[in-house]
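Accompanying notes for the structure given below.
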Amino acid sequence: MVAPTFYAIVVGVGSGTGASVARLFAQGYPVALLARKESSYAPVVEAITKAGGTAVGISTDVSDAQSVDAAFARIAREWPQAKLAAAVYNAEAGFSYKPFLELAPEDLDRAISTGAKGLFYFAQKTLPLLLDAVGAGPKHPPTLIVTGATAALRGSVKFAAFAAGKFAQRAITQSLAREFGPQGVHVAYTIIDGGIDTPWGKDREFNGGVADGKISPDAIADSYWYLHTQPRSAFTQELDLRPFVEKF
Amino acid sequence: MVAPTFYAIVVGVGSGTGASVARLFAQGYPVALLARKESSYAPVVEAITKAGGTAVGISTDVSDAQSVDAAFARIAREWPQAKLAAAVYNAEAGFSYKPFLELAPEDLDRAISTGAKGLFYFAQKTLPLLLDAVGAGPKHPPTLIVTGATAALRGSVKFAAFAAGKFAQRAITQSLAREFGPQGVHVAYTIIDGGIDTPWGKDREFNGGVADGKISPDAIADSYWYLHTQPRSAFTQELDLRPFVEKF
Amino acid sequence: MVAPTFYAIVVGVGSGTGASVARLFAQGYPVALLARKESSYAPVVEAITKAGGTAVGISTDVSDAQSVDAAFARIAREWPQAKLAAAVYNAEAGFSYKPFLELAPEDLDRAISTGAKGLFYFAQKTLPLLLDAVGAGPKHPPTLIVTGATAALRGSVKFAAFAAGKFAQRAITQSLAREFGPQGVHVAYTIIDGGIDTPWGKDREFNGGVADGKISPDAIADSYWYLHTQPRSAFTQELDLRPFVEKF
Amino acid sequence: MVAPTFYAIVVGVGSGTGASVARLFAQGYPVALLARKESSYAPVVEAITKAGGTAVGISTDVSDAQSVDAAFARIAREWPQAKLAAAVYNAEAGFSYKPFLELAPEDLDRAISTGAKGLFYFAQKTLPLLLDAVGAGPKHPPTLIVTGATAALRGSVKFAAFAAGKFAQRAITQSLAREFGPQGVHVAYTIIDGGIDTPWGKDREFNGGVADGKISPDAIADSYWYLHTQPRSAFTQELDLRPFVEKF
């Protein structure tokens, strides 16, 4: 087997967005899938392998710098000659939807850990690799994509902790876009505005249960691939995605 | 010849964005090209025809309701059975880059006419057609895309008139997205942030003349096609595009 | 009688914001009150005079350049030696709250005329006067304040025309702030987000009729005076105002 | 001596904004001044006392929940019968202006601790007190004001860590405004856009050293007092402040 020239990394691979993104990017690159639990990434690795792609799952806690270090050491051993073409940060902690006075400091910590700290560690690991790939003749500009949400733009009742994490995440992503764009790395943020159509969300109603009232994770994946393939003369920094019936 | 089932309309077809969009959409649909002067659209019609596509050029002043009416009457005669799949509003008046006290009322009028009034007329003509197409089994949700600019987000020194037109245009587009999205029509706005690589701009330096320091009109066209093909479960309302070296 | 050293102008004086602003600024300056109809400004002129202030009412159509010219000629005759300390643009046309396809071009024209064109004429008249006042030792930096609304930030269903006018207005105001701030003129925009407690609004319910659920015009006037008195080391460009119970 | 009916708390009292705010609010209320080091608040306590006001300084680390608890226990002992009229969160850690790849995780932690966590603890302590004051007949609506910055709106090169903290802070403040506004508590955020004229900044040039090119901390204090005195029919949620010559 020939060592791959380029590969991709997806953080936060479970039943929704991350899995769709991983499956789609696996059509172009070998992919490393990072998730806290093996049970999250194992079925995705299997599906990709069955479809003829290459995938490696790595149990990682993105909010723990050492765990992130270990994951990247593992990736380096896996594909020692290859360059990083695309990195997707899609980690999500469940969030604490509570009146402010009922939130515990831990609710804020968790939102910040997954929203901001994990991205910070991940970006510090991936940006040198992406910069290194810029000169290696990639088909598309090396890309870092971060999954955002409406709560990255708007603080709302019961969203104080979650919004704090997402605002901080958007701040970091925007700062990175301004710093690394001119060096040839494409940094993009997506505002996911609506419920996502995952097995988890199956029984939850969004938009009155209307067809396509939830966002298809495959459609999100398509948008990530589109972002990745943009030439450097026309980078999108921020893009919103919502179901046609979503109020906004 | 079989009458086409779906067609597209592009307003503002000259040497840059409009021409690229027209050529790309012509790979999927017959296209009507509207521009003030025949000399603007004629070469594009020729290029599309030569490539095996179908294009009709119509001299139109979008800031004149009667001229817009006439253009749509002509389109209806051209393809009486067909439905409108996509409409792109890309009209641009040259703009008056002057200190505020040197601007004439006509500078404001011109910016508003092209930016807001023309879009108003165009949207009032196209939205009923796009709504009508929703039920006709289109491959992609019927789409209205409007070409915006940085000046739609930010009023700057010497940009008072131009920004007034672009802000107003964004207001209309956003209002339409909120009203017609739930009816199945995708309404999107693009923030073009940078110089465009047109023959007109050939001798103008942007970003110090660095390669890819100007936006490729073909890359803009790709983004419009991507927007058009988004499924209704994941519509993008607003998307920015800028060269990797652009300061923002 | 000694000629006043400084005076103020308020455009759009009726029963609400404009009247409150005029009464408050009349405690510091002679004020010229511009409104379309004498019946709008006459009671305010009377109230100010009765309270010991000086007010001149001038019938003006701000969307008509000649009418604006005439009003400023009148003001120059009234106070030939005085400098302009503060100018407030508070003109408001009634607005067309209709589905987009029911709007007439005139609805857009009206929104643009009052929102953008009138401000354009007014600013072209007042900015030279405000610049002239900068060097004349005013107590507070010469100030131009424009009354905005939520629709200046957000295009919504049935607000396409009104939002186009308010977005355009905000674009102009922001451009002026960036151009004339460094020359010592304070240009500010207020986002009025809620129903205003006017005689006109008396029977309209806002926020379920709760006390203080509508914005007090006197509170708006206080904010305008506060903006006017800010020193040039700390100018506010934009400020929102809403009732405590308003959803936003 | 009669126990005060209402008091104020200012966090982050040193040589700049906090000291000016404390001195101004001390003209209306006894004030508790919280700062990490006694040397920061001691001169302010002395100045207020000399001017006839009442001030209590408390050494507090706002990023440490127990330290915050202790400070509030101390305040409760100091004025056991009084209600909280106004709370100002002005804590600022020095910030790490570095290329992203040179930032340490501690730089992010520090920005988040002061920007978001400290505000979280402070708000959880003050909001119940402010709610309790709503019904106690205060002259002005009980108020929580948070000092923000341009970096709360925009992530820039070398600002990734600092912006993350300020974005998160704005998210929390905005969420609190939406939750507690309808309960009668005024929650406001200020965008300080420019260098502040402090002894610390004396030798640093801003805006080419032009007079008033730095923001006067007393002018910031005036704006906080103005915010505090707004009636509940017209709350400002966000307000920017910048020197007249500042580019924005």
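Order as written gives the chain letters A, B, C and D; numbering starts at 1 within each chain.
Going forward, contacts are C-beta pairs under 8 Å (C-beta built on N, C-alpha and C of every residue); 3 or more make two chains touch, one makes a residue touch a chain.
Worth saying up front: this structure is predicted, and the values here are computed from it rather than measured.
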item	value
Chain B to chain C, fewest steps along touching chains	1
Label of the chain whose CA centroid is most distant from the centroid of chain A	C
Centre distance in Å when chain A and chain B are each reduced to the mean of their C-alpha atoms	31
Distance between chain centroids, defined by C-alpha means - chain A, chain D (Å)	35
Distance between the centres, which are taken as Cα means, of chain C and chain A, whole angstrom	47
Multi-partner residues of chain B (each touching 2 or more other chains)	178
Complex contacts: residues of chain A adjacent to chain B	141, 178, 181-182, 184, 186, 197, 212-216, 219-220, 222-223, 226, 230-246, 248
Interfacial residue positions of chain B with respect to chain C in the complex	65, 99-101, 103, 105, 108, 112, 116-117, 120-121, 123-124, 127-128, 151, 154-160, 163-180
